[in-house]
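Sharing a structure below in structure tokens format, with a few things to ask.
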Amino acid sequence: MTDATQLDPANEYKPPRNQWLDVWDQFKKHRGALIGAIVFLFIVLGVFLGPLIWAHDAQFVPPVVDMIKLRDTRPIYTVLWESGAKVSWAHPLGTDNLARDYLARMMAGGQVSITVGLAAMTLSLLLGTLIGVLAGYFKRLDGPLMRLTDLFLALPLLPLLLVAVLLFRELLAGALGPEGGVFVLIVSLVGITSWMQTARIVRGDVLALKEREFVIAARSMGTPSRRIVLRHILPNVLSPIMVSATLGIATAIITESALSFLGFGFPPDFPTWGRLLFDAVDRMTLYPERVIWPGLAISITVLSVNYIGDGLRDALDPRIRGR
Amino acid sequence: MFDAPADRKTLVEVRDLKMHFPIYAGLLRRHVGDVKAVDGVSFDIFDGETLGLVGESGCGKSTCGRAVLRLYDITAGTIRIEGEDISTMGQETLRKKRPTMQMVFQDPQASLNPRMTLAGIIGEPLDEHTGLKGSARRDRIYELMDAVGLNRDFANRYPHEFSGGQRQRIGIARALALHPKFIVCDEPIAALDVSIQAQVVNLLEDLQDKFGLTYLFISHDLSMVRHIADRVAVMYLGKVVEVAAREGLYADPKHPYTQALLSAVPEPDPVLHDTAERVILTGDVPSPSNPPQGCNFCTRCPQVFDICRLKDPQSREIEPGRHVACHLHNEPQAAGETAA
Amino acid sequence: MLNYTIRRLIIAVPTLLFIALTIFLLLELAPGDPVANQPLTIPPEVRELMRKALGLGEPMHIRFWKWLVQFFWIEPQVFIDWLTTTSSLAPILPDTDFFIACGNNTAAECDPRILSWQFRSPVMDIVLQRIPQTLWVVGTAYLVAIVIAIPVGVYSAYRQYSWFDNAGTFVTMVGFSVPPFFSGVLVIVIFSVQLNWFPSIYDTMHEVNNWDSFMFQIKQMTMPVMVLALQITSQISRFMRASMLDNLNLDYVRTARAKGMTENVVILAHVLRNSMIPVVTVIALGIPQIFGGAIITEQVFKVNGIGEMLIRAIEANDIPTVQTLTFIFAVLIVIFNLVADILYGILDPRIRYD
Amino acid sequence: MPDGALPVLDVKDLKTVFRTRQGEVHAVNSVSFDLKPGELLGVVGESGSGKSVTMMSLIGLLPSPPAEVQNGQVLFGGQDILKADDQTLRAIRGARIGFVFQDPMTSLNPVFTVGFQLMEPLRKHMGMNKRNARKRAQELLELVGIPDAGQRLRDYPHQFSGGMRQRVMIAIALACDPQVLIADEPTTALDVTIQAQILELVKDLRRKLGMAIVWITHDLGVIAGIADRVIVMYGGQIVEHAPVRELFANPQHPYTRALLETIPKVHGERDERLRVIQGQPPMLGAEPAACPFRARCTHRLGRCDRENPVRVPVGPDHDAACFWDAGTGGARDV
Amino acid sequence: QERGRDGEVKIIYWQAPSILNPFLSGGTKDIDASNMVIEPLARFDQGGNLIPWLVTEVPTVGNGGVSEDLKSITWNITPGIMWSDGTPFTSADVKFTYDYCTHPEGGCAQLTKFEGVTSVDTPDEHTVVVNFEAATPNPYGPFVGLESPIIQAAQFENCIGAKAPGCTDANFGPIGTGAFKVVEFRPNDVIVYEANENYREDGKPAFAKVTFKGGGDATAAGRAVMETGEFDYAWNLQLAPDVIANMELGGKGTPIAGFGPLVERIMLNQTNPDPALGADERSVVRPHPFLGDPAVYKAMSMAIDRTLLVEVGYGKAGKVTCNWVPAPDIFNSTSMDCSTQDIAGANALLDAAGYMDTDGDGIREADGKPMKLLYQTSTNAVRQDFQALIKSWWAEIGIDSELRNISASVFFGGDPGSPDTFQKFYADVEMYANNFSGTDPQSYLGNGLCDKAPSPDSQWQGENISRFCMPEYDALHAQLTTTADIEERGRIGRELNDMLVQNGGMIPLVHRGRISAHANTLGGVVLNVWDSELWNVADWYRIK
């Protein structure tokens, strides 16, 4: 056969490798994304594994005598410019007005904020992807599902969010405890109210993908719809989904803090970054560190997640990867 | 000169195939018209031959090819494959029938899922229609890769790691996986470089010889069609204007559109180029949603006359195996007068 | 286009009705009651009487129907009357008198308006009272944000990954992620407490009628506008940047360059015009938010606009107010969605709605 | 063909490199050619051979980064435009050198009317006022054969068909009566019938306006129809250069020969089998130290692996970059 | 001195008034704002003493104003008082106020003020006689104090009963006899008043205009007075002590504190809140598994360091208290001391009572079950701090507690359908604050009566939240209702207080005061916790 000699020694092919390795390779080349990923990983590890090393209970209030002594300790670095400051090595970031260790509270708060972010994002993605794929792929569902999406877009979200918190908080708190209840509530509310953009993007992509030749090819060989969606459509809408995902985390963290401010979030004694920030605002001039740390934590998380999103978008885009 | 079709078995028989895409408009999204992408097309494809389908962009070639494979729910007409009418078949029965008819696509990049390995792509039809598992499946995949000239080492690579020609081979291997009888090749070489086109065309020819395949070869490259096809159908705006055996068509095109089309192909020879007389069409192809009255070609036809603007010409077999839809050839004597 | 608009408007009707029902049901199901915020010294029996006086005794569907009638029939009448008799358009319009007020010395036939449970007065009147503040502050912030965000986004995209772009990304991300309850208090501490430049509390009664009062208005708006604009700028400039990036590598840009156009013309005329298409719709879709107010910022600076009204109503379980406000937002969102789509069609000649 | 005249455009030893994340891509390597007044120079070569990059390097249309013109000289009207500043370049682009791009669907700005886009260079380069520019724009549209030109100026690109858009592109390129028109695969995206229309149009315009044209294509048929001289590019280099008839009649480089053989014909003899060029086009990476075609070459010599051949004259006004001599069938001694 | 000489004064309330008719709203913000305009016949001064306001003197049995049988009281209106619209203020207005509030469809928030009143007579223009159903030793409910001001009959004539809410103009701008009149009212936002030119005292008020801004939060209000000096008076700064102290450094204003009868307390559930019991029995059937044992509740009380609580939560605005009724002084019992924490003593007490930690998990067992408490309160930062502290102290005496907080609107919402109201008390202990209005605690002490316990039968209404029940207590309270002598009333009141606290009805924690702040340039401010804070706004002036 004439084509037997097709193998050309001049074309050096790379050894077979996993698709995700390529993504990772490309991702690594995006400096911002890499730094973002490292920072985010650092924050996540710090927040979830940190408590293993820094074994302080975020809710722990020391007995009376100690409490008076220990409350409102400043972070140790304060001595740099204020030699008489009340600092203690036992509390590197200082303590709050009940002598609770601030570092421990930051870590506990981070756990909640990041978990809320991740969980809400996951939920919104699942919903958005499901609806987007169904609407895009099945023509009959397109109309109704897009009307539904429009409907959700037309609902004024913040008011309804607040009302829904009022509505379900106690119910869920009864079932899952106050923190658990609010957690489920915030996660599901943020999730339920933020899937529409994802759905629209996914639908658009699916509509385009559906006409792409490889999908028609799959149909022409008799692959049933279910498998076409799973095998051909879903993996290819991954990149817009990933990008919405990173934005979703940020939005969820911020929404949680706004709800805390309006008094609809987690219970007051339960640390989250938004809540810590909010509680510290009153004493901003006295103890600036108490606003700076949670504020910084939120900003840096959002920033790093955003850079990860940028990098992922580049890495998942085969056009860019090809270059 | 003309292949007498009588002795050959008809594998695919398309009669009056119509594929209209509805247009909805107005306040109530009423159905106001159709994109008549394919508007009454009839042809036969004989067992083991290659029918070339040529025409300008947007004239409905791809739609026709896909409709023949029932990738669309067709508007009207019948399609018989091996004598079996598939035009109204349910999706599940159709699925069973799929192995006999396959498709190769225009864009080798777009027709392969960028996130599947070569083995996965070629293996997909096997998973759908055969019970092959494990090493049997792998062997079949290797066999197919050998058949299209792909190195077995490539099995775990992804499409973007291949060149255009190689990708098209993957597409062909996938189409071959289920031992089809009939393959629709939708512009399989259009996206390839000249130097690569020839490789793919040769491969298709080899495979046809080896497996006794029947092709519907869609292309707008008339020179390639001339090379590969046994018979050629020329489409214009959703209709087949001329069907003829290759030699006859290229030597003596009957329909004015075919003539224009052939003369528009640039001749890769400066000497011939300067001597050839050419028919340059004016204007553009009208929109298929709003075709002109009468003959579809009447807006651009250099030999247009009154009746063309009134009546749509019927396809007639003017010579054995040669169908033309043109008023010039309706009544031979009238045509003769006009042409003279 | 006209057809399209009409069709969209027709579709909007069931959507809005559905939204109204959703809002109504949600609020009905919500626990808590309007007299919850009354002091504990008020005994339960009295509370019960107060609740009855608010009309809570009637069944839900009746109240929903009443509310629909009030919202779609009675309030518009009031509005028309207001237009023709009181507003600045009054001189050119014939006087109308559709609405028959209830209250003092009236006959049995009267049109009950939607009354707030907190204020015991028509919700719409308060809404009208609140709109100016919101428009001044949130609207200005929005304008300022657009004016800043577009050049920033354009330049960031044009010089992608330059230091300006990176700094811009950083600032916008921080702006996006710093909650206004923090940034608001921060600017108050800096500019009001330390520097004493701006008032920390917004004077909603302030009337602009001369240069000094205008300057005062500017002064008192500065901080809330600053805080809000930071957030909005962050978002819009991100969109702008992304949209520019999408367009910068397209073929027509090369064509423009090949024609010998200067970079300014290439970027500011050719690319910007195309990039603005999606951004303009984003901006249009953001406008309902102006009316919705910026709840947190309004609260921090005591601007007491629509957002503040809503949050207080929610806290006080003032269901008629919450219903009405939420529904007004829904109407605005639907309208601006339509506006966005039509704008899209106008800006992008390729889009044809029929 | 105006022989012996001074070239309007003289490109010497042009070298363009892309700095990408994957490393350098040497897209154009020591390309030299000239363009005489009124002449049509055809450029052929397969996809990725550096045709577009060469032409865009000439007038600084490549995005930088990643592109960098490393070396060379482009004399246009006696001035080296590679060294010219932006302002000078802009004054040349669109005014004295016109450009037509491959894809008519995306090369026009979708949100401006065709008239606006056509008038833009007129107003900039010719200093016309709106009225005159409009008049001239209408003439131009008529010139490229668009009926009802005055009306259509007000239309947007999407209201035009592909062929008409390409005509508009040509009209834009011709707007300021350029001395040189560079057409980068202007008909590749079009149907044969439309392509034929455009080709006729160009021939016609050339007759009328008499500018020099560089016509890039990978379709030898098109070249055969309109070019005076041809350069063949492969792997970022010019491998052969000859007058058109000479090239078709007497190709010297093995690549050119193979290319001519692979093309099926619509007329004349039909081959039973198509000839093929085995293998794949080369990847452009580091600066080539050997002949880029060697891997696919049927006449490969030992020397080809060690040295990159330079163009040597092989006939009158005909040169090729190959160590193999088609005439003798053996090695050429250079 | 000329009326209105000092220009403008600016007041900020972080809760904005939503209506100026105190009969349609019980909220302090609304009542305070309306009290600048409409006034009661008599009111309390900063010491809790009743002083005549629109009347010539306070009627007593001694001066014959109160009938011997304690069944009627006669008020004599000072002649010459005018409404701000220039019409005379007469007894008809007073009677109208009574009719207005007691109309069955009106939903009057101050209805309790008229409890037991059978009629209001107006023998002449300046005489008002209030008749009671039974002997009323404390007849100073109707028309006395901030919650019972007089509205103008002419203005509200057509607004009675179901029509009340429709009268927006009247509800937003009542005509009054006070020092100021309403110029503009923007609900939940701003009120602008100006001096009432018909005010009865010459030269008052000193201010011509009052801007009353509402909304925001306490911090911002405090800041506006003490740090930026934009406002002159800020109401009720519920802020942590260190925050207030820091604001004071701003130098523009001064915080002032005053103490009424408000007590932050922990209620101990006397019934069994076990969820396993059905809806009809949960928090209805007695007794609680262990909270009824004196050893337990005494130990729980001893374990609490109230001094620290005060310091953490209220600073200057709080005092340690062991009493339910800490004010007025005459009712403040001194028999108990609880200012020092005694963990050891508490442990000893529990040990002695036989509650031992048998399984070594740090939690004592009662009847083999670990002593675990569900401790609920409303959502509020200080309360959650308290919860955290108290939980840790109780842990030290081997009592485990699970903390829960419920949003205030639900907790205090009284919705019989919600399981989380403080009345339902589906918990072992709960914490909140309560007080009474005026200076007489009789009906407040009635909250300890057996039959006031909330239950499903009464739709969970009733103010005896802890379901305290002691026949002796009921008997003593009955005695109070018939005693007129103030000394004797004080003695009985103190005894009732001790009885309830010592028998485990509640654990009082902090006697909460109110902190407000005024600008250093604002003179004449006298913080009054028994009446409206703005009670003497007519006397305010600018220090120059």
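Note that the chains take the letters A, B, C, D and E in the order they are written out, and that residue 1 is the start of every chain.
One rule holds in what follows: a residue touches a chain if its C-beta (ideal position, glycine included) is under 8 Å from a C-beta of that chain, and two chains touch if they have at least 3 such contacts.
Bear in mind the structure is a predicted one, so any value in this text is a computation, not a measurement.
Engineer: Starting from the defined contact criterion, work out which chains touch chain C and chain E both, please.
Structural biologist: A
Engineer: Going by the touch criterion at the top, tell me which pair is linked by more C-beta contacts: B-D or A-E.
Structural biologist: Counting C-beta pairs in contact, B-D comes out ahead.
Engineer: Using mean CA coordinates as chain centres, what's the chain A-chain E distance in Å?
Structural biologist: 45
Engineer: As a quick test, compute the distance in whole Å between the mean CA positions of chain A and chain C.
Structural biologist: About 27 Å separates the centre of chain A from that of chain C.
Engineer: Cα centroid separation between chain A and chain B, in whole Å?
Structural biologist: The mean C-alpha positions of chain A and chain B differ by 50 Å.
Engineer: Cα centroid separation between chain B and chain E, in whole Å?
Structural biologist: So the centre of chain B lies 89 Å away from the centre of chain E.
Engineer: Which residue numbers or ranges of chain E touch two or more of the other chains?
Structural biologist: Residue numbers touching two or more other chains: 219, 409-410, 418.
Engineer: Tell me, which residues of chain D touch at least two other chains?
Structural biologist: In chain D, the residues touching two or more other chains are 276, 278, 280.
Engineer: Hey, what residues on chain A touch two or more of the other chains?
Structural biologist: Residues 2, 6, 11, 166, 170, 263, 281, 285 of chain A touch two or more partner chains.
Engineer: Help me check something: in the complex, which residues belonging to chain C touch chain D?
Structural biologist: The contact residues of chain C facing chain D are 249-252, 254-262, 265, 270, 273-274, 277, 347-350.
Engineer: For a test of understanding, state which residues of chain C touch chain E in their complex under the given definition.
Structural biologist: 31-33, 35-54, 102-105, 115-116, 118-122, 125-126, 129-130, 185, 188, 192-193, 196, 199-201, 203-205, 299-300, 302, 304, 308-309, 312, 315-317
Engineer: Within their complex, state which residues of chain A touch chain E.
Structural biologist: Chain A reaches chain E through residues 59-61, 63-64, 67-68, 72, 97-98, 166, 169-170, 173-174, 178, 263-264, 267-269, 279, 281-283, 285-286.
Engineer: Can you name the residues of chain A that touch chain C in the complex?
Structural biologist: So the residues of chain A touching chain C come out as 32, 147, 150-151, 153-156, 158-160, 162-164, 166-167, 170, 250, 253-254, 257-258, 261-263, 274, 277-278, 281, 284-285, 291, 295, 298-299, 301-303, 306-307.
Engineer: Along chain B, where are the residues that touch chain D in the complex?
Structural biologist: 56-57, 163, 165-166, 193-199, 201-202, 205, 220, 222-224, 226-227, 250, 260-273, 276, 278, 280-282, 284-285
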